[in-house]
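Two complexes, one shared chain (chain A), two partners (chain B, chain C).
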Partner chain A sequence: MFIDLLIMLVMAYGFGFLYYGLYRNISARVHGRFGPSLAQSFYDSIKLFTKDTSTDFGWMFFAGPIIMASGAILTVLFIPYFNHGERLVGLSPYGNLIVVLYFMVLGPLGNALGVGSHGNPFGAMGITRGLTRLLGLEMPFYIAVVGLMIANESADIGTIMANQAETYNIIAHPLLFIAAFISFLGFLGKSPFDVVGAPQEVYSGPAVEFGGKFLALALSQSAIFSFAKLLLMVDLFLGGADSLWDLILKTFVLFVASVFVGNVYGRFTTAQSVDFLLKVPTVIAIVGLLFV
Partner chain B sequence: MQKGFVAYNNEQKSLEAETEGIKNSQTLIQKAMNWFSARSMFVVAYGTGCGAIEMPPVFTSRYDIERLGVVGVATPRQADIMIVSGYCSLKTLRRVIRTYEQMSEPKYVIALGSCTINGGMYWDSYNTIKKLEEYIGVDMYVAGCMPRPEALIEGFVKLQESIRNNTIQPGYVKYREDYAYYQANQEKLLGKETQPVYEEDYAGMNLS
Partner chain C sequence: MFNFEITALGNMFFGLTVLVFVSLFFVPNKHRSVTLYSLLFASLACIFYASDLITLFIGWEIMGWSSYFLIAKTADKQTLQKYIVFNIGGAFTLLGAIILIYGACGSFVYSELDFSAVPSGQVTAITILLLLTLFVKSGIMPFHYWVVDSYSQSNDLFSAVLSAIISKTGVFAFILIFFQIITVQYLQTPILEVVAWLGVLTSIIATFKAINEDEAKRLLAYSSIAQVGYIVTILSIMGSLSLEAALYHTVIHTFVKLLLFINVAAIIYVSKQHRFSTLGGLLYKYPLNFILLVVGIISLAGMPPLGGFSSKFLIYTALLEEHKGLLLAAVLFSSASAFLYCYKLVYGIYLGQPTNPKTEAYPRIPLRFYVPQILGAVILITLGTIPGVIVPMFNGILGSVGFEPVLYRGVFVLGSDFASFNGGVVIGAFGLIFVLILLFFVRLKNRSVKPKDRLDISYCGEVPRADVNLHYGYGMGRELSRIGLIKMILSRSSHALWQRVSTLFGDLSGITQKLYTLSAQNMGLVIFAFFTILLYMGVK
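The block that comes next holds the complex of A and B.
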């Protein structure tokens, strides 16, 4: 059990950063550049762990990234990696989808607590943007997830995966998938929903006062968290994974789809993104709910 | 001529022998740390002078320095490298020093353009500083007025090499150890109020 948890974490860290490296690489090719090496994000994170931290705004400032990291780690541990239910199921027998949804918002809240203690206006702006966006994101995602729960008469991720043995939910409930996918793009924080840390507007937003080890922690948790969200989407809509290759293939396809969307569309403003999220995907999700 | 050359050669050899000594005294962990800090550099680009115009091409498609692991960041807290791109007026110098002091170690400075080396074409200006290294620790100079993007990339590559092989004493170490010297220089120009004056005990910190 303990070894399983460790493997899950290491895999999430590894794949999270690998995919982030791929994201940078693909974006570079879209811009007509070569881009950094695939392992660049690992180098960045290890280098940041070896750096000093020059800021101190009291213990709450340091607790912020730690709460964020625990949110991400707990999320990934409650999502089973495979659908046969033998290995790498983590803590999922002890908690269901509702627990996962709860842990998913722990990160932004921890972030807000940490940022609140340093009083940098750009941090506060970033957090306000993040929480406003979260408001828009949660609505369609929760409706889609509730739809799945009703269809499967269960809130257990394992059961939802097992019920997809014949048809994947992406085919059985396409509208729910579209709604969930759009808010998944927002959860990933990539363009067009990258309002939180927009470097040209709010100077990296919530991370503005973080440097060194705590920035490294924030980066690592975001890599782990991204992989957790990919996993959740694969589990809920693509029937989970049989084997490691299946897992890599499915998460990769989903990831590449999100990268392409991100590279085609420019950034929404905060108001636009909430407007869009509350209109388009929410309506799609409600219509999808009617078909369940 | 010949004699001078031999003397120069000997001096060069003794310098190299010294750096060899530093190189061999690194522990494995230090080596790894140096390798990683050379491989990943976050840059805060302080566009002070006209040389700033050469930085955008370095970071975008034409020269794409992200290949070397160099990316721009928006705040000095996250940065490893500061590029000071040209002349500094007295007013700018204050900001440069504050930015430099906000960066967390290990940190490095690249000074871009002749103005930062000896004043360049502003050598007799009443209003700009002449040698940047008298005020903050500088690790790499890129000469030229203005230097081409290739020159800046060359500067980065050289700096990465010297960090990896530990062949220079980093500017921040000098700054820390010799702070009295730097502070005296700063105060000569800017007066006593170089450092920000905090009036209250902010968030429980003792700032006096």
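The block that comes next holds the complex of A and C.
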């Protein structure tokens, strides 16, 4: 059990950073650059863990990123990796889809507390942008998930995977998939919904006071969290994976799709992105729900 | 007359009342009035343990009046007028319903009421009258008009009572009347559908209004309206699981609001400030109060691993089981938006920069303020770890109102056949991961220095001046008004509606008034008309 949990965590960390490296490479090619080597993300992470941040704003500043990382790790441990239910199911028998959805927001709240504690208004501004965007992101995603739970008469991820043995949900419920995928782009922090950090435009965002080991923790949790989200999408819409290669293939396809969309679009403002998310994908999701 | 009966349902609500009142007894209170609080307490006992409608009505009236005098200690005239008009209206509809029930069933005693021979039109009329009463007490929109002002202008302690207990009397009466007395087979489904949507629309609108508030107690008042909105929505599903979910959420909300209102009361007590724009940066001054508030808001937002998640989970599964997808989507929308006001509450008071130079001089928070807060926090943490521990109580209530219990009888596990989760594993895993990362982190290099002062921040390469406002508390949520749908919600208010109703009543009373101030000739005419009518009726 504990070995399984450890393997799940290491895999999430490894694949998370590998995909992040690939994202940097693919984006660089789209921009006409070469980009850093694949291992650069790992180097960055390990290097930053050995450095300290310059200013210490007290215990809440310390605890915030740790709560965020705990939320991300907890999320990945509650999502089964394979659909045969034998290995790497983690803690999923003790939870269900609703629990996982809520874990996904536990991290951002911890982060918000940490960011608020240092008193930099630019940090709080980023957090407000993030929470406002979350409002838009959650709507289509939740409706899509509600549709799946009603269609499968269960909130158990394993059951939803098992019911896709013949037809994947992406075929059976295409509208729900489209809505969830648009939200998923935002959850991954890809354009056009990358309003939270928005580093090129304004000097603001949640990470404004965090450096060194805090930044390393933020980066690592973001890599783990991204993999958890990919995994969740694969489990819910692509029937889960039955082998390691299947897992890599399916997560990779989803990841590449998200990178391509992200590289084509510019960035929405916060209000625009929530407006768009509440109009287009939410309506698609509601129509999909009515079909269920 | 005055029949009482000890029931499982009454025990639960009265138990909550006792815990809240006893814990509030410790808190310092400028406007302490033993008589009024005793009267209120007695009236609540009367409501929860009544076994006939007249006793219930008497309790309801005394509750309304004693609350009126308690609010009157601090509130202004307009607030009091709103309170009294709405609550008298609610009491009248209750009285009307009781008279109709007596006319139809020939009894006031709960156990003797039988609706099998009552025409459905009459049952519908009774249902609507009763719903109006409950809507007023629970603040379902548009009958919430009195709620926010009364909550925010009451004495800080009484706000907690209003939100934690008095708003629940509506919930209690809903369960009593529609689950036990009239029962689901005589109710009209379309009415229940309307109630469900009213509840969820209330929670969505109240949530956005809360995000837009600058005053802590008004934010909490709107949040109360939203949370009770969920309870009403889930009750109108009228199933076993939905009743258990509503009961669970009632328990959670009682303790969350007790904790949060007293937390805010403590801050108002020491700082004399109640607006986010004049608070902020109090985290390291009052760390225990901050931690308790965080426990409260995590539960209010319904996040694992605390108790709030347990009740939210049951609400979602109850709606899923009944295939109420759209309703659930609306509940989720409101629930997701609630994160924003939860964060605003904690940020506005404790995080960010202090807006007041006198912050350092604020006194210590008296220890007595912690009694209700710690009670609330302990219960919320316990219900997160062992969420199944109060299920036997709910199952008992379901049995007493004739429903089949559906929740598992586990301690760590909460759920039904549809879905379940293990609270112990969730909180254990979270705690373990948190501690492991913390230990790893402490082992890493620690050479960072403390900031020189609060202005020592990364600020576009400059040092901000002391007179620049760096607190983002009250501006939070302002950008929401740029989003079409939310702008529409925020710009609407029920004020215009009630203004129109008030004008209408003014006109009607004008006509009635004319009857009393007629001249002698006209009076003669009225008497003539009156006798003509009598004569006509006699001939007929």
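Following the convention adopted for this analysis, the second predicted complex is superposed on the first by the 290 of 292 C-alpha atoms of A that agree within 3 Å, B and C clash if a C-alpha of one lies under 4 Å from a C-alpha of the other, contacts with A are read in each partner's own complex, and residues count from 1 in each chain.
One rule holds for everything that comes next: contacts are C-beta pairs under 8 Å (C-beta built on N, C-alpha and C of every residue); 3 or more make two chains touch, one makes a residue touch a chain.
Quick caveat, the model's predicted, so the values are computed rather than measured.
In the superposition on chain A, no contact is made by A:I79 with either chain B or chain C.
In the superposed model, A:M233 makes contact with neither chain B nor chain C.
Once the two complexes are overlaid on the shared chain, A:V208 sits against chain B and chain C alike. In the superposed model, A:H31 lies in contact with chain B only, and not with chain C. Of the two partner chains placed around the shared chain by superposition, chain C is the only one that A:D275 touches, whereas chain B remains out of contact. Contacts of A:D56 after superposition on the shared chain: both chain B and chain C are touched. With both structures placed on the common chain, the touch criterion links A:I127 to chain C but leaves chain B unconnected. By the document's definition of touching, of the two partners only chain B reaches A:K47; chain C does not. In the overlay built on the shared chain, the residue A:A241 is in contact with neither chain B nor chain C. For chain A, the partner with contacts to more residues, out of chain B and chain C, is C.
When the two complexes are superposed on chain A, the residues of chain A that touch both chain B and chain C are 50-58, 117-119, 203, 208-209, 212.
Residue ranges on chain A touching chain B, taken from their complex, read 24, 28, 31-37, 40, 43-44, 46-47, 50-58, 61, 117-119, 199-200, 203-204, 207-212, 215.
Residues 49-58, 60, 62, 66-67, 69-70, 73-74, 77, 91, 94-99, 102-103, 105-106, 109, 112-113, 116-122, 124-125, 127-129, 131-132, 134-135, 138-139, 142-143, 146-147, 149-150, 153-156, 203, 208-209, 212-213, 217, 270-271, 274-275, 278, 285-286, 289, 292 of chain A are the ones that touch chain C when the two sit in their complex.
The part of chain B that touches chain A in the complex is made up of residues 33, 36-37, 39-40, 42, 60-61, 64, 66-67, 69, 71-75, 77-80, 102-106, 203-205. Across the complex, chain A is touched by residues 281, 283-284, 290, 294, 298, 301-304, 309, 312-313, 316-317, 320, 323, 325-326, 328-329, 332-333, 336-337, 339-340, 343, 346-347, 350-353, 418-422, 425-426, 429-430, 433-434, 437-438, 441, 444-451, 454, 456-460, 470-472, 476-477, 479-480, 482-486 of chain C.
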